[in-house]
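Please go over the structures that come below.
What follows is a pair of complexes built around chain A, which joins chain B in one and chain C in the other.
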Partner chain A sequence: MIRYALIRILSAIPILLGVSVVSFGLLFLQPGNPVEALLPLEASPQIAEMMKQQLGFDQPVWRQYLAWLQRTVQGDLGVSLYDGLPVAGQLGGALFNTMVLAIPAAVLAFVLGGALGLIAGYHRNTWIDRSASALAIVGVSLPQYWVAIVLVVLFSVTVNWLPASGMASPDGIPRSFSDLSNMVMPVLALMLVPMGVVARVVRASVQDILSQDFIAGLQAKGLARGRILRHVIRNAMSAALSVMGLQFGFLIGGSILIEVVFNWPGSGQLLNLAIFRRDIPVLQGTVVVVAGLFVLTNLAIDLAQAAIDPRMRR
Partner chain B sequence: MLDFTNQGTPLLSLRDLSVRFRKGKGHVHAVNGVDLDLAPGETVGLLGESGSGKSITLRSIMRLLPDSAALGGKISFDGQDVTQLNRRGLRSLRGAGIGMVFQEPLVAMDQTFTVGDQIVEAIRAHETISRGEARKRALELLELVQIPSARRRLDSFPQELSGGMRQRVMIAVALAARPRLLLADEPTTALDVTVQIQILLLLREIQREFGMAMIFVTHDIGVAAQVSDRLAVMYGGRIVESGPAGQLLAAPEHPYAEGLISAARGHRDGAGRLMGIPGRPPRLEQAPQGCSFAPRCPRAIGACAESLPELVATGRTDHAVACYVPTSRG
Partner chain C sequence: MTMTQLQSASPSVSAAAKAPGYWRSVGQRLMRDRVGIASALVLLAIVVSALAAPLIAPHDPNSGSVMTRLSPIGTPGHLLGTDATGRDILSRLIWGGRLSLLSGITPVVLATLIGGTLGIIAGMSGRLVNGIIMRITDIFFAFPSILLAVAISGVLGNGLGNTLVSLTVVFVPQVLRVAESATVQIARQDYVDAARATTASRLLIMTSQVLPNVLSPILVFATSLIAVSLVVAAGLNFIGLGVAPPAAEWGSMLNELRDAIYINPTLSILPGVMIVATSVCFNLLSDSLGSAMNIRETDK
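So, the complex of A and B:
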């Protein structure tokens, strides 16, 4: 297990490097010189030249990359071109806000989706299965922004139970019940897709597990049903974890739509603003950090899978 | 009906056991009226070619059939009617009353649990003892089935063991709650010959030590002869002949049993070809009208295809055959 973990961790390094190259390359996607894109059209060539030197754009690309990589690894993501504030600080705050929604959404999606999938898988082809599966399909197929708007119309406009938008406490950490109420709708809207995806994967996995011979082996020992359920859950866990890892990755990126609808200053909004403002350092920093976290999340999931199911240790 | 009065009350008794599977629009008649009695401590070898209904017979006894199966007839174990057991009754039947050893230990065990945990839970399903206590017992069981460095093996996963070791673990699991009957479904078929013999000897030893009865399923006559007190030969979901192992092997009465035994002995015909039984195994889409073996039988008479021959005593001790033209009368 330890050997497997080390190999797995080491093999994440080239992936992270790949991520960094792509993130760095983003800069060159836009036509023309990055500096020109930043400056107003009427700026003089001297100013452009000065800016180029200042930002290091006169160096060869690989040196630019290495210098950028070194700074990034040290946590220096540069400063925003828009307001001159350090990107790391802005991004840290935004990511934190996103996590405040993403973590509860992921936990709920995993638990509820897992339970739905388990129930459906156990009652294959009965009305219970069909209802649970229908719920899962509704979860994955409803457009997120539509869900968000319907929730707002229902709970804020019609009955006025929940605030329509915004974070209640300035740092995003809920401290009271009313702070929590701000999170309810965005978490609900974020949770539906991963819940549906997890439910579907777990359902298929449970059906497959129940048809395997070892279930008869467990029954032949005279185990109680609850005890057999533990075996089923453990066997279904690795499939569930691997989809959840992917879904959590998407959640970390922050949903631009949800964060905009609920005015939630997370990484999705930050990315949105950065694109809008052509704020390259913010864009680059957000992409590299979010993508890096995505890779690390999947690494963590792989390790968790291997811990639960020894067949995964290869 | 058979008369086994000389054996006292049987531990297990099957009467007219039948199992039919729903399959598509039709059915598969896997077991078609099996009668079998087993005395405490006795070993019966259930012999028959692949598809003759041996595994399904064993699974019926444990009530481990899939939902698509319809079970008929009577199964009584230790005086209880197994077909009428509720969930609690079934729980204690499985494991504590009857243990089961499967053909493929790897697919019959959960590969995400350690060997130790799988034995511990089998013990704790029937006895309220602490985990530590159960683990001690699990270790004793591994030692009983002669697993080298047993303590270390407690924390291994099934897939980390060799085939023979896995089967030993499977046996330990089956013995965990000290059952009075062991059902062994081709426990050695997947193993190579030397390991096969070791496992057979082990089973025989443990069975004597525990005073446990055993049904040993196999399609290998040599293996069956080694472990069994009595043999029962299955064909097309029925027992066609049963009797004391030595007696049945020396002088089989049913033409199918005869064919099977002479093929296993490597008897050759005049042209030097290995003598097998020509023809195909029976189709199971319909419940048998007459004897399922009739189409392949060298001695078949008109009656054979018309009505099912019952399993009746031949006159020799404990011997019964389901045939209108058994060797002794032929």
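So, the complex of A and C:
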């Protein structure tokens, strides 16, 4: 296990380096040269030249990259062009707010999707199975941002039970019933797709396990249904965990659309603002940190999976 | 087996003899699949109405009157109502199909061509080339797709072309992985070894032996990818990246009508219904294709 863990951790390093190259490269994708993008439109050529030297844009690209990488690894993501505040601080707060939605959504998706998949898998080819599968296909095809609008129409406009947008407590941590009511719709909208994906995977995995010889063996041994169920769940858990790692990344990365609808001050909203303010340091910082988190989450999930299921330690 | 027999079983002959039979039987199985037929018909109707927009749209999609703004569904002359500037929503939905379908389907077509080719090359190459291509692919998988699409089109700026480029970049690695794993499986088969034994060139083996066999899983995956692409493309337009107003596009219409959510809530849902319907149909079609081609879920 330790050997597997070490190899797996080491293999994440080139990926993280690649992620940093792509994030750094974003700067060069935009029309015009990077210095123009970093400066306000009214800046004089002299200032542009000064800025160019100061930021090292007169250096070869690989040097610029190494310098940027060094700062990024040390947690210095530069300052915002819009308000001059350090990007790291802004992003930290925004990411926290995103997590306030993403973590409950991930847990609910895992539990509910798992339950749905387990029920469907156990009642193979019955109407329960078919309706659960149909629900899962629709769930996967639904645009989250549209679901969010439908929820607002239903619960804010039609019956006025839930607030249509905003985050009640300034630090993101819900303390009262009213703070929680602000979270209900965004979490629901975020949860649907991963729930559908988990349900599909768990259903397939449960059917697969139930058809295997060792289950028949356990039944022949006279093992109680509950004890057999434990074996099934343990095996299906591993499959569900592997997709959940990917889905958690999608929850954080894809939260931009949900955060725009609900005006939730998370990392997606920050990225959205950065794009429209042409605030490249904020954009770059958000992309590299969120993608880095995604890699680390998948690493953690892989290690957890290997701990549960020895077959994964290839 | 004599040398002449071996040659008569040479790649080009066997592929030519096999291919029509396979595709015909896939077609026959598809025709028996009621869900597949139904979703194909719905998609056909959406595509045809988008293409025939100038003929069938009841109004000009871009002109409206302030006098008739936000009229509800069922208003005489405006079957699905009007938006905040009085433009006919039905006409905008029909015209909007053009840009929405174009920006959903084109990136998948491009990604299938690029990713499919690179994936087959990677699958047939030795460890070095395969390693290089696949490790670069891994890096792109480290980005959640919506984040990467938003970041690239955000940096590139507005415009249909930039949306297409960013989505293509996001989808190439995904198709590449599917194509590579299918190719690696096929390349291990005995008949490919047999083709190698006939001293057929690598290119000939690739086009006559490998391509026909990896095409099915790639096609099934690409069809389901269109469902994703439509949703993401409309999502980019929804947050204001993509086509510029006043052009009709389902995602940007969804955003425009969102402002009127308290005045006329039903209207604000309509463009999303089109996105969902198209996306669900492509997903169902992909499932039907998969079972007609005998591809299991896990092979995708």
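Heads up, the rule we're going with is that the second predicted complex is superposed on the first by the 306 of 314 C-alpha atoms of A that agree within 3 Å, B and C clash if a C-alpha of one lies under 4 Å from a C-alpha of the other, contacts with A are read in each partner's own complex, and residues count from 1 in each chain.
The criterion applied here is as follows: a contact is a pair of C-beta atoms (placed from the backbone, for glycine too) under 8 Å apart; a residue touches a chain by one contact, two chains touch by 3 or more.
All values reported here derive from a predicted model rather than from experimental measurement.
Chemist: Once the two structures are overlaid on chain A, check if chain B and chain C clash or fit side by side.
Modeler: Because the two structures are overlaid on the shared chain, the partners are seen to fit without clashing.
Chemist: For A:Asn125, is the partner it touches chain B (first), chain C (second), both, or none of the two (neither)?
Modeler: Neither partner.
Chemist: Once the shared chain is lined up, is A:Val290 touching chain B (first), chain C (second), both, or neither of them?
Modeler: In the superposition, A:Val290 contacts chain C only.
Chemist: Using the superposed model, determine the angle chain B, chain A, chain C defined by their C-alpha centres, to the nearest 10 degrees.
Modeler: About 80 degrees, rounded to the nearest 10.
Chemist: May I ask you to decide whether A:Ile252 touches chain B, chain C, both, or neither, giving the answer as first, second, both or neither?
Modeler: second
Chemist: Would you mind checking which one, chain B or chain C, touches more residues on chain A?
Modeler: C
Chemist: Report for A:Arg311: first if it touches chain B alone, second if chain C alone, otherwise both or neither.
Modeler: first
Chemist: Does chain B (first) or chain C (second) touch A:Ile149, or do both, or does neither?
Modeler: Once the two structures are laid over each other on A, A:Ile149 reaches chain C alone.
Chemist: Could you tell me if A:Gln219 is touching chain B, chain C, both of them or neither one (first, second, both, neither)?
Modeler: first
Chemist: Nearest approach of chain B to chain C by C-alpha atoms in the superposition, in Å, rounded to an integer.
Modeler: So the smallest C-alpha gap separating chain B from chain C comes to 18 Å.
Chemist: Which positions of chain A touch chain B when the two form their complex?
Modeler: Spelled out, the residues of chain A in touch with chain B are 212-214, 216-224, 227, 231, 234-235, 308-311.
Chemist: Enumerate the contact residues on chain B facing chain A in the complex.
Modeler: 59, 62, 64, 90-96, 99-100, 102, 104, 107-113, 121-122, 125-126, 157, 159-160, 173-174, 176-177
Chemist: What residues of chain A sit close enough to touch chain C in their complex?
Modeler: Counting only chain A, the residues touching chain C are 14-16, 18-19, 21-22, 26-27, 29-31, 137-138, 140-143, 145-146, 149-150, 152-153, 157-158, 164, 200, 204, 249-250, 252-254, 256-257, 260-261, 271-272, 274-276, 280, 283, 287, 290-291, 294-295.
Chemist: Hey, which residues of chain C end up touching chain A in the complex?
Modeler: Of all residues in chain C, those touching chain A are 135-136, 138-140, 142-148, 150-152, 154-157, 227, 231, 234-235, 238-241, 254, 258, 261-262, 265-266, 268-269, 272, 275-276, 279-280, 283-284, 287, 297-298.
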